[in-house]
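Per-chain numbering from 1; labels A, B, C and D assigned in written order.
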Amino acid sequence: MTDKNEADLPDNWGRWGPDDELGTLNLITDEVRAKAAAEARTGQWVSLAQPITPNAMFFSPFLPEPVTSSPVQQMVSHTGGPVAADLSLVYNHHWQSTHLDALAHWSSDDQVYPGRPREQVVTPVGITHASTTAFASGIVTRGVLLDLAVEGPLAPAYAVTSHDFEQAEKRQGVEVGSGDALVVRLGWTGRGPADTPSPGISLDAVRWMHRRGVAIVAPDRGDAHPPLNPDEPSPLHGVALGRMAMPLLDVPQLDDLAALCARLKRYTFLLTIAPPRIHGLTGVPVNPIAMF
Amino acid sequence: MTDKNEADLPDNWGRWGPDDELGTLNLITDEVRAKAAAEARTGQWVSLAQPITPNAMFFSPFLPEPVTSSPVQQMVSHTGGPVAADLSLVYNHHWQSTHLDALAHWSSDDQVYPGRPREQVVTPVGITHASTTAFASGIVTRGVLLDLAVEGPLAPAYAVTSHDFEQAEKRQGVEVGSGDALVVRLGWTGRGPADTPSPGISLDAVRWMHRRGVAIVAPDRGDAHPPLNPDEPSPLHGVALGRMAMPLLDVPQLDDLAALCARLKRYTFLLTIAPPRIHGLTGVPVNPIAMF
Amino acid sequence: MTDKNEADLPDNWGRWGPDDELGTLNLITDEVRAKAAAEARTGQWVSLAQPITPNAMFFSPFLPEPVTSSPVQQMVSHTGGPVAADLSLVYNHHWQSTHLDALAHWSSDDQVYPGRPREQVVTPVGITHASTTAFASGIVTRGVLLDLAVEGPLAPAYAVTSHDFEQAEKRQGVEVGSGDALVVRLGWTGRGPADTPSPGISLDAVRWMHRRGVAIVAPDRGDAHPPLNPDEPSPLHGVALGRMAMPLLDVPQLDDLAALCARLKRYTFLLTIAPPRIHGLTGVPVNPIAMF
Amino acid sequence: MTDKNEADLPDNWGRWGPDDELGTLNLITDEVRAKAAAEARTGQWVSLAQPITPNAMFFSPFLPEPVTSSPVQQMVSHTGGPVAADLSLVYNHHWQSTHLDALAHWSSDDQVYPGRPREQVVTPVGITHASTTAFASGIVTRGVLLDLAVEGPLAPAYAVTSHDFEQAEKRQGVEVGSGDALVVRLGWTGRGPADTPSPGISLDAVRWMHRRGVAIVAPDRGDAHPPLNPDEPSPLHGVALGRMAMPLLDVPQLDDLAALCARLKRYTFLLTIAPPRIHGLTGVPVNPIAMF
C-alpha cells in the first residue's frame, strides 16, 4: 500500500481538524450552492442511478430462480387485508448498485480519516466516525460532466489523466472549480467485471482533482480492474477516498446524463445526492438527480 | 372498507389508462417542473427525512443490545485489508422511517390500481405493477408547505380539513396547484404510537387534494391512529393512495423545513424526492430535499 | 383442490381434539420409542441430511460470486480480537434443504389443522398454531427404510403405490407399524427441478400410510413435479400434511442410509429428528440421524 | 491473551495432523459409540435446547413490537394458495441460543486450529477450515451429566474445578472417559447477562477435561462473566475451544435433563448432537437429544 512517493500523495488529513467527518464536502460553500441553484432553470432532469431489480428471497422449484446476484434482495411479506409490504436486504457496496462510499469505507495504515484507529471506528455494532452520517442532510452542489466517451467507450486499460480532463473542459466550455461534483464518463456504464481490463482514473487525474478542489467524484468506471499500476495505492479508493477524504459516488450510470447534456449543450447542472438518511453505514445506495 | 358513499370517493382508476403506474405523478408536467426549478435561487436547502440509527445485527452479552426497533439493521462485515463494508436489512414501511409508499402498497376490493387483481401484482417474487419502479428516475416538482402547527402541535384526535388548508394558504400567501407536492405539518414529527390519539388528515382534506390536483402528499402525521372515522376507509392509505393513486411520502420530519420557511418567509421550493432506484418494491426509504 | 372423492380422503382433523398441534406425532407412544431405542445396538450411524453450502452475502467483483441459490446465505461479521462470528439467512422450504414441514405450512379450504382459520394462524408476526413448536423437544422414533431404488432410480413420472411398499417390506423383511417414521428411497436424492418429470408418492400410497399409522414420512422425492394427477390434491402436501396432519421430512438424502442398511442387512433403526428448537415457524432445517 | 504459563496450557494443535478439522471429536471412536448406543434402552428422552421464540421482522405501530433481542428473526412470506412459508435470520452465537461453536470461532495468536493463518480461514465469503463442516454428519457419543447444582444454583462468581467434577462422579456413580460428552450443570440455565457475576468453568477444570479425553463439553454456564481470572485466557473459549480444539456446546438448558436423570438415577445416556448440515459457518443452533 505504501511506496516511496507516498509522502507526495494528495492528503487532507488534519485540514479540517481532528473531529471532521465531511472531508472534501467542506468545500461546498454557500457560494457554491448558490451557483448550483442557479443551474436549475428549465426543470429538465435526469437520474444518474443504475436501475436495480431485486432478487426474491422466496422462491421454489416452481418459481423463477435468481441466476445472478443483485444488490438488493426482497421478501414480500404476508399481511392480510389490503396491505402489501416488503423487506429489503441491501448490500451497500455492490458493483451493480449506484452508491455513496463513506470515508470510513477505507482505511490507511489501519487508520480512518482523519487519523482514528480503525478498531475504534469499524466496530461490530456500527461505524462510529466518518460514516454515512456525513450524508444525512443530502449533498447539493454544482455538477460538471466531463464526457470522455463522446466518440465511444474508452479503450480497455486506458488511464484517464488530467490532460483528458482539461481537453474535455475546453471542448465543452466548462471549468471544474472548488466544491464541484466531478462527473466523469468513460462510457463503461453498467459493464461488469470481465476478462477485458477496464479503463480507470489515474493517480495523475486524482492529483488534478485535489488541485481543483473537487468535492465529490462520480465516474462510471472508477478504479481500473486490474489496477493501472499495481505498485501504487488505488487512485480513487486508496488516495481520493482514503487520503483526500473525498466521498466516492460509485457506479453511476451516465449515458442518460450525457445524452441530455449533449442535447441541451450544457454540461453543468444542479446535482442533488440524497441517499436515505441512515447513519453509521460504510456506504448507501443513492439516486443522484441532475437538474437543468 | 366500503360504505354507502364509496361511489363518491375521489378516484383516478382509469384516468390515465389501464397500464398506468404513475397515478397522480402524471400531473407533474414540464410546466410544473419549470416552475419548480425556478424556486431554486439561493442554494439554501433542507432535508425532510428522519434520521435512522440502525440496530446492529451482531451483538453479544458484552456489547450494547438494541432495545427498540429500527427501520434498518446493519451488519458490519469481515473484510481484511483496508476495506470496511456492511449489509443493511431495511423494513420498507417502518413508522420511524421516512419512506415512499408505492401504489401497490394498497389494494381495494382485492385489486391494485388501476384495476389489476392483487394476486397478479403482489407475488412472492416481487411486485409486478405500480411498484417503486414508478419512482425510478426520481420525483422533481414544486413543494408547498402548509404549516398547521405554527402555534404548536395540533391537538390529539384533531381532524385536518380543507378549511385548515385554505386558511394556511391565506396566512402564508401561497396556493397549492396541480402537480404540486403538498407538505403538511401537524407538528407531530417523530412521535411514535402511544396512548394519545393522534391528529390526522380527514377525508374532506383528501377530497380537496383531489380537486386541486396534488401530485404527492407528505404529512408529518398522516392517517390518524386510532382512525378519525372508523366507518370510512382510511383517508390517506385507503382513498388517496388506494383510489386516487397518489403516492404517499410517509413519516417525513418537517420541523427543519418549517424553521427554514419561516426564516426565509417562503413556503414554496424545489422538492427532489429520489429514493434508491430499486424496482419492484411496495415502498422505499427516501431523503427528500427542499431547495430554495 | 377439491374433487368428488374428497370426502374419502384420509383425514385426522379432530382425532386428537380441537387444540392439538402434533398430528400423527401422537402415534409415537412410549412403547414405540422403547422399540426404537432397542434398535441402537452397534453405534453405527448415518445422517439423512443434504449438505448445504451457504452463499456469501458479501462479495465483490473480485471475489467469487454465487451462481446458484442456496437455502442459506452467510455473512461473516467483523469482530476484532480472536472471535469470528456469522449470521445466516435461512429459507425454510428450499428444495435443496433437508427440512421439516410443520402442519401450518399447508391449509385446506383456508383452514389450518385441525380447523383454525388460516388468517388467525398465519400472521405477519408468526405462526400461532401447529408450527415448528410441535418439534420443540425433537422427534425420536423407529425409522424404517423402504428402498424402492435398489436397482436404480425410479423411472420419470413413476407413481409409487402401496404395492411398491408391500413388496419392499417382503424383500427387506420388515413391517411398517404405527408410530414409525417411513423413509422411502426413490433414488432421486439431490435431483433438482428439471425438464424430466419426477416420480412421486401416489395418493394410494398415502392411504396406505394412513392405514398403517405412519407418524412421519421422509421420501427423497415426495410430491411429483409435474403432479402425477393434476385433478387430485397433492398426495404429500395436500393430503398427508394438510389432512392427515403428518409432518413431512422433505428433501432428505438417502443414499448413505441405503448403503449402510444394505451393508448391515438391517432396514430399521433409531431415528432422531431434532431441528433447532425454534418456535413459530412453518418449517425448519434438520439433520436426521439414523442409529443402528 | 498470553501469559508466562501459556506453554503449559493443554494443547492439541498438531495432535491429529496439519489438516485436521475435528479436534477432540477424533476421540469418539467406534468403541465409544457402541458404548453410547448401549445407553439407549428405554426410549425416554429429553432435549438439551433452550426454546427460541423468533422476533418478527415485520411489524407496525399497530402490531406487537419486539422488545428484546432474539437469536432468530422471522418473516412470514406472502404466498397465496394454501402455502405458508417463512425466512429466518439466525445469529449463530446468541447468548439465548443453544448452539455449537466450531473451532474456527476462536483464533489464538491470529491462527486457527491447527495453525492456519486466520486471514486464510475467516474470509468474507465463508470459513474455509475447522468450520461447522466438521459437524456435517452429526455427533453421536455417550453423554455424562455432572450435576453440580443438586442443591441449587452455584454461587455467583463460583469457579468450578476438577474437584467439583470428581465429587460429582463419586456422588452419581459415573466416570467421565475418553470420547464422552461432558454435560455440566451449574444451575444457571437461561440466565442472561446481569449485574450479578456468574459462576464459570475454571482453567483447572479444563485441564481435567484434557486429561480425561473429553470430546465435547456442554455447560449451562461456561466462561464466567466477568472472567474468573482476567489474567488468563478464557478457559472454555480461549483454551478448550482455541487450543484443545474441543467444540463447545454453548448455552444448553439442562434442567429437564437433570430432572430426568434424577428420576431414572442414571447420569449417562446416548447423546445426539445434529445441527442443520450447513457447511462453512463459525457456529450453528442445535437441539441435542439425550436418550436413555
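To be clear about the criterion, a contact is a pair of C-beta atoms (placed from the backbone, for glycine too) under 8 Å apart; a residue touches a chain by one contact, two chains touch by 3 or more.
As the structure is a prediction and not an experimental result, all values here were calculated from the model.
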item	value
Pair exhibiting more inter-chain C-beta contacts, A-B or B-D	A-B
Superposing rotation of chain C relative to chain D, computed on C-alpha atoms, to nearest 5°	180
Centroid spacing, where centroids are CA-atom means, of chain A and chain B in whole angstrom	27
CA centroid of chain B to CA centroid of chain D, Å	48
Overlap residues in chain C, where contacts from two or more other chains coincide	57-59, 76-79, 84-85, 87, 89, 91, 93, 122-124
Partner chain D, residues of chain B touching it in the complex	57-62, 65-69, 77-80, 85, 89, 91, 93, 95, 119, 122-124, 192-193, 225
Residues on chain A engaged by chain B in the complex (per definition of touch)	1, 30, 32-38, 40-47, 49-54, 56, 58-59, 63-64, 72, 74, 76, 82-93, 98, 104-108, 118, 121-127, 136-138, 140, 237-238, 242, 270, 272, 274-289, 291-292
Chain C residues within the chain B interface of the complex	57-58, 75-79, 84-85, 87
